[in-house]
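Below: one structure, written as structure tokens.
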Amino acid sequence: MTMLTVNNLVAGHGLLTAVRDVSFSVAAGEVLGIIGANGAGKTTLFRTLAGVHPASSGSIVLDGVDVTDLRPSRRVASGIAMVPEGRRLFVDMTVRENLQVAGENGRSGAWTLSTVLEALPVLAPLLDVVTGGLSGGQRQAVAIGRALMSNPLVLLLDEVSLGLSPVAIEGLYKQLAGLKGRGDTAMIVVEQDLDRAMTFSDRVICMLEGRIALEGEPQVLCKQAITDAYFGLAHGEMAHA
Amino acid sequence: MLDALIQGILLGGYYAILAAGLSLMFGVVRFINLAHGDLAIYGAYLVLFAVEVLGLSPWVAVASVVPVMALLGWLLQATLFARTIKGGFLLPLLTTFGLGAVLQNGMFGLFGSDTKSLGNHIGNLSWASWQLPVGISVGQLPVITFAVAVAVLGSLQLVLSFSKLGRAIRATSSDPEAAELSGIDARAVHRAAAAIAVALAGLAGAFLAMRALINPYAGPTQLIFAFEAVVIGGIGSLWGTLVGGIVLGVAQSFGATISAQGFQLAGHLVFLGVLGGRLYLAHSRNLGGWRGVLGMPALPLKSATQLKKVTSEGRS
Amino acid sequence: MTTYAVERWTRSGRVTVGAAAGVLLVLALLPTLATGLVIDKLTTLFIYILLAVMWNLLAGYAGLVSVGQQAFFGVGGYLALRLVDAGMTPYLALIVGAVGAGLVAIPISTFALRLKGGEFAIAMWVIAEVLRIVVMFDPLVQGETGTSLLALNAFDPDLRRNLTYWLGLGALALMLSATMWLLRSRIGAAAQAIRDDEEAAASIGIDVMRVKQIIFVLAAFGCALAGTIWLASAITFLPRTNFGVQWTVFMLFMVLVGGLKTFEGPIIGAIIFFLLQEVFGDLGVWYLTGLGVIAVGFALYLPDGLWGTWRQRTGIDLLSGGVMLKNPVTVKRAT
């Protein structure tokens, strides 16, 4: 069953077009990985899907409903939640309050404070700690928990491993793996670490200069094709050395 | 001397009610409302109207004007403030200055230029006082005002800490975009904050009219006092407005013992002094200050984070 | 690689400056032709234009939004009164008094310019209030009662009117030229860089404090000149009027209606304000209420003002306020 469909999406900053005519879809329960070099348009694509960046044209359809013109909070209510780059926690508030805020303003569903704590056990002892004082890995867990609390149909994870230690990344992906196959929630993951993205995702999209350069299942794609798409070698251009 | 001190502290209660709304708008909506003082005076005129024309009792009038003011705040945010806030720092100032001019001159046109007061509608409360054992008398009205201020700040604190709206307000104030991404409609939160702020302005105006004479052009002076209380107490801090209000009230109260003009002058000088002191602290921290000159390690200043917040908020 | 030709004077700019010189000459000779009433009205208009241009210099070009420019308007008048009281010729005292207010602005600037945004705006207002109260302590001013520049009564009324007019015209021409020169100088470019991004400006070696200080003091001097000329035409000095926040409200109104960040906008705004006052001023408070409504309307629907909007729609620019790159490309910074 298709959960999210993106049709011919275009988005930009002033005269720079960051997302050019991007179309793809995600099925319920599927994990879609988005890879690409810096500046390929991944973050702008995510911000446009979440509604914090306007789409110039194209449409975003969630579970049969066109959400392209909805403001971010309405999209959350419809079922798109994003873990933004840099986590963006409410730093003056406790872990419990961060989770609560998303829970009482988002969709209702299976994810509650207790199920989130069960899925992210690292948070249980930190509930009444102000998030400003947490470590990077702990903050990322709060950000993911906060997004889950709004019971998304589609969960967007933007660079969740950025700035974390290898140990923390390992722990984080263990917890994320536990979320896979739990319910119908589709996940779209932007990840810099290619190997990590390939092993975690059911399907990957490689973006280059705002377009989709390659799409397929990780086990089918050969390494050479990915490298070519990543650096744009298929277009006959040499990477700028 | 002790008398001036007590009077000043009690006066701080009035300033806290007036300043809490300004601080809330500043902290949550990042909006400086230059018509805040005029809205307070407008609230006072509405109470006067309810008492003199509709014949309500003063306290019933205050209780019915406060929700009207809240509605006005909600409408102002929905129609006026939200539109200008996208235009950077300058447009909100221009808009609220214009709104202030409309309110002042509109009130003059509607209610006339006479100074008015609620004082003669509240019986002997405006001058009655309680005798304290040490031979000091405190006015009943200032004590009631102070108690209302503490009650208002306390209930605001409860709302902010323990209610859904309060959490949404704090989340929006901390990061509006992340709040939207958590399902909070930031526009609705801003409207709620404006409703609270304008309601508090109206309440403050009512207390001002009980204590003193007001006229349609009294708003800007009250705005300055409110702003001074907010800055002295620390921008965006709820109980800070009470502290700032008390500091301001005490300074004014002592200034008034020296000369009539000293009332305002002392308040202004304390405000400028606090600003200057903060600048000096920030400056000496950057350069290491006298400790840097002497080669000593810098002290971890307790107010450092708060100060940073003030400057960064002032910039936004 | 594209090369850009740097151009400081557009063709229309040269034409405009030539026309301005012609207008100035006509205006200077006007007292020989026009009635006293016209001369008085024009003097008022010059004061308004001067105020609007000074506020735009501060807010539009340096990003310094002050709600306290009445401080210098009032101090200039007060110093002129003091100097006349000490025996100085009145018209010289008006100029020296404005210079004095400019000097007063220097210590104020070292404090106020370190404040940001809203704190700067309101602190300036508080400073104006402090100066008003301090001035009211001076026995010469007689507190709320105020005083008058009686020494001007020694002049023949027509001569006095014309001298004040020429002083106003001269002050306006001087400050317009100074503003134009400043904006075209390195300081003007630096100021606009600071307005757009202070940290970036500092990182490319601009002395942020010094640039702001120059503009702040110049604007203070301009407002003080307006204040002394106002004193010369009104004769009376009332602390609550001369230090009144309404002067800043008027400046805001004129700049907003005309167009912030343009050279021509404030002049147009001042003329509109002047005309509104001439036509509707008799309506009293409802006129002032109307001004507030107009200000809010402009803030909501025409935030770039009349001239700013006109310029965007037509691309016509009589005097560009800085250097222009021919064939310019604007690229918005990606966030």
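Chains here go by letter, A, B and C, matching the order in which they are written, and residues are numbered from 1 within each.
Basically, a contact is a pair of C-beta atoms (placed from the backbone, for glycine too) under 8 Å apart; a residue touches a chain by one contact, two chains touch by 3 or more.
The structure presented is a predicted model; accordingly, all values stated were derived computationally and were not measured.
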Reference chain C; chain at largest CA-centroid distance: A
Most central chain, Cα average position: B
Chain centre separation in whole Å, for chain C relative to chain B (CA means): 31
Inter-chain centre distance, chain A versus chain B - centres from mean C-alpha coordinates, in Å: 42
Whole-Å gap separating chain A and chain C, where each centre is the average of the chain's CA atoms: 52
Sequence positions of chain C contacting 2 or more other chains: none
For chain A, residues that touch 2 or more chains besides their own: none
Residues on chain B engaged by chain C in the complex (per definition of touch): 26, 32, 34, 80, 83-84, 87, 89-91, 93-95, 97-106, 108-109, 220, 224, 227-228, 231, 261, 264-265, 268-269, 271-272, 275-276, 279, 283, 310-311, 314-316
Partner chain B, residues of chain A touching it in the complex: 50-52, 71-74, 76-77, 81-82, 84, 88-93, 97, 100-102, 104-107, 146, 150
Contacting residues of chain B [partner chain A, same complex]: 164, 167-168, 170-171, 174-175, 177-186
Touching residues (chain side chain C, partner chain B) in the complex: 59, 65, 67, 111, 114-123, 125-127, 129-130, 133-134, 136-137, 143, 245, 249, 252-253, 256, 260, 285-286, 288-289, 291-296, 298-300, 303
